[in-house]
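Next up: some structures, all given as structure tokens.
In the two complexes that follow, subunit A is the common piece, with subunit B as its partner first and subunit C second.
Let's turn to the complex of A and B:
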């Protein structure tokens, strides 16, 4: 017997055709921006998107997905260790042969070359979906400027669907007159990215504070660049619990 | 149907993964042979890494997390261990302690963290099990680490033993009498096994310290390495070298008073600071079965609204904030708990993120829900409740 919370539970839908990740196409490559707050980290959402890319399924959804696809995935992070994602993905039933992790936490000096090589290698099997977590760290860890980084990301996006995972804490979103100010650089980077993206997914905690039955809000909205697949703009409430289950509810 | 205590180590071929519908909090740390958690999935990353000897094997200061069986070490206060959720700090984690105001409670926690490791290291003189790295401060600071707390009973026992060890006529006579009495009441019989079973499963996991005392033998260079921060890149190299020199030990790394101008050069730029913190995390994740890091920072110098602090918080795995009460609230508490001074707390303890849980996507922020008290023998953390003034007493005073 299903409980009332189960009845309210919703499936994750991102596009109007009920798909979650954008379809792979040789003509068009999507740029998705996943924004998160320090209190609401996006590991569960990234895992769901990676699963959907690899197997066409989604552990968040109850109803089976009609369109089964298999897109190779490259995941790179400057802040999360490989073991974290491996542990999350190991729970999904499936072969992870087409999943490649690029460890930028240990070595970020040749990040662009490393990612490009991995994309080129996987491109033989199909255009990969590339997830890059905390690309803004490169602005401070290396001497890369905002425009140079955006150009490099654009080059990567020309080869694949790119998912950029970046933080948007309040303290990071502030313009000042000091050009070297961290918040100013971060804001400038994010603003420019938003203007180039097709899809925005944002995770943030409840404005009213902590709740036992809701972890935060997930907002899906289209980016400033129009895309062939129409985005189904929605707001969900989500709950991540200690046992590892994630539930989505309509706002 | 049988139930198993959550803190117990689950091992053996029968251990199976828990049925979980989605990927959530990872259970168990791969690449760790003896302390194995339920549902552990071997990872190719760590499974291939071979260490000369597993530092966690039979370590008295390591116990499995009650949440995911990951090996944990005590921070130095059992209450903070409980707040973190795992009953300790998971090895491979980075704990950031922030503090507002002019107080320095965070340094007490740093000292407890370090003292815990030293005491555990000295349990077995023939085989050292822990090494410590102190960043930014010198041996002088290490000399102020607190000594183990001894209750009044233990102190009395110690005094009696000292007196008895002295050769005197009365002692010799007493010894004979003691033997007679002991024989009569069966006191010399060896303690039964039933008594042993009542002893805590991890007796040396979290020792209690007396912060008014000082460790009698200060930690030496074979136990503690002090790394100066005159050059941050060189400091990172030296940290890694120290870790490599101690392959079969648990390493507690501590960065007290981070960015305090008394210790750190004022000329450090934000990218330089971030590179250093990121470098610490790189080392931490390179040796995930061996290292744990505690860093303290003052929020009056670098407030949470500062982007630099936000980045440092993002890099760390757990963030706790100590926010001492304002003078008015402190006065109120003193007035209300006049007859019960033990109930007077020193401030709020706010949780901003917790290891493993926050990384999995759990929202762990809890502000103004806990209070702390820096006691002589314990760093206490309790649920916060607003003190209520007794109105009757007030009225009586007014009538008078």
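Let's turn to the complex of A and C:
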């Protein structure tokens, strides 16, 4: 049986044209859904996507990326503090002037207005890539209904390429007929989002159990809405080392 | 072969809107989207200059249609008033899950007309909501299935079993190279005006616009095949064994032959109301 140490490290490729984030286009607005669970935190992947948006590079890849572009980024999180991402991005030694963090951890009441204003501000420099971590928390922190939140997200998406990072822990998908049940609300939100997505990325632990040299699986799939930029579907195994470096291997 | 041809012709006619079917219901899942089938309908409609209207409850990027209406914040009246009809019109509803169950009927009634075909997509993976206080009310899916004149149930083309696909869909796991491909399987139920319904399974390739009838083994495997290789014991019977078994006189019937020959024997005689089962001669006739 081969272990990850026997395998050759691979570059992260998401689209068939070897790009990682969707190309900025005024006509088409992409929705990417990143699913993770409690054993597979996505911080490393979000950092890679933010880096690729900002600088056109990717710290996961060995070979340089031929077509570099720069897209402003807004990152809003209801889960991870700004310092975590700043620390990760500081290692990349790039100019972070076009990176904006919106703190929803401490203030989520007018999240839509805050995020919208930040997008409008950055849009002068180009259509931004917006990352929103755990938007489903808004359903439980306030009286927001699933369809209302989806509509708000769609309004944001109309101004940017949106990346939603959400948890799909199995226990959260055990829905029932009770409409107010947490799992029912969460499943309804996620499945409706999946039906709107152009790209699906999911991080899962190994089905065979824990391994020392593999942290989990990264699956890249086309979304349910076909997009102009074609997705290169594939599965990777990934390893997050103690020092924070990440390696990808083909499955 | 003829029945296969007629099935493909029927599908072609339904998708080209030549067959009378005012409400086409598409049931999709997170593993097989209905968006490719919508594209196919739009492709056929375009080639015949049919006026196309897209009612969007979740679609952000406008597909190639004549009219695109964002319906999320509109009432049923506003939606139906906003539609311009052509001599023949195709209305696509990207997801009917968003329409409250008590407004389903009025929305569909306001859209369907002799010159209009409505194609509504229903996501079966989304938990169904029941309005509070109406626990015995039919669900939106049941209502739609009752009203629809054609139903397409979509499934990815894959060697995975229905159970495996169900688990993957429930856990939101997307099998790479299987889920949401432009070529998929569609079970079509077409209801004639007479009430008779026709059911066929197709493979639909929306890239080449080719439809083929999926070969399905509808024959049930016989008992012999089921018992074969089930255990290390031999549970099957050979032809010779079967003949021998048929020759055996069953004890209950044999006992009847010497009616009252032995003194004091209790003999049962069948009466007209007795429920005698020939397949089970051992059954107690009392």
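Some notes on this structure:
Definition applied: the second predicted complex is superposed on the first by the 244 of 251 C-alpha atoms of A that agree within 3 Å, B and C clash if a C-alpha of one lies under 4 Å from a C-alpha of the other, contacts with A are read in each partner's own complex, and residues count from 1 in each chain.
The definition used in the following text is that a contact is a pair of C-beta atoms (placed from the backbone, for glycine too) under 8 Å apart; a residue touches a chain by one contact, two chains touch by 3 or more.
Predicted, not measured: the structure shown is a model, and the values here were computed from it.
When both complexes are superposed on subunit A, subunit B and subunit C end up sitting side by side without clashing. By the touch criterion defined above, A:205 reaches subunit B but does not reach subunit C.
Contact with neither subunit B nor subunit C is seen for A:17 once the two complexes are overlaid on the shared chain.
Rounded in steps of 10, the angle subunit B-subunit A-subunit C defined by Cα centres in the superposition reads 110°. Touch criterion not met for A:213: it reaches neither subunit B nor subunit C. In the superposition on chain A, A:168 makes contact with subunit C only, while subunit B stays out of contact range.
Taking subunit A as the reference, the larger set of touched residues comes from B, when subunit B and subunit C are compared. Of the two partner chains placed by the overlay, only subunit C lies in contact with A:151; subunit B stays clear of it. Residue contacts after overlaying the shared chain place A:179 against subunit C, while subunit B stays out of touching range.
Judged by the touch definition given at the top, the superposed model places A:92 against subunit B, while subunit C stays out of reach. Between subunit B and subunit C in the chain A overlay, the least Cα distance found is 14 Å. With the contact threshold set out at the top, residues 170 of subunit A are in contact with subunit B in one structure and with subunit C in the other. Partner subunit B is touched in their complex by these residues of subunit A: 38-45, 47, 59-60, 78-84, 86-92, 105-106, 134, 137, 140-141, 167, 169-172, 174, 180-183, 186, 205, 210, 215-216, 240-246.
Subunit B makes touch with subunit A in their complex at residues 18, 20-26, 30, 41, 43-46, 67, 269-271, 274-275, 278, 281-282, 285-286, 288, 304-311, 313-315, 352-353, 357-366.
Residues 30, 33, 35-36, 39, 58-61, 72-73, 95, 97-98, 123, 125-130, 132, 170-174, 176-177, 179-180, 182 of subunit C touch subunit A in their complex.
Chain contact summary for the complex, subunit A toward subunit C: residues 27-29, 31, 35, 147, 150-151, 154, 157-158, 168, 170, 173, 175, 177, 179, 184, 187-188, 190-192, 194-196, 200, 202, 204, 219-226, 233-235.
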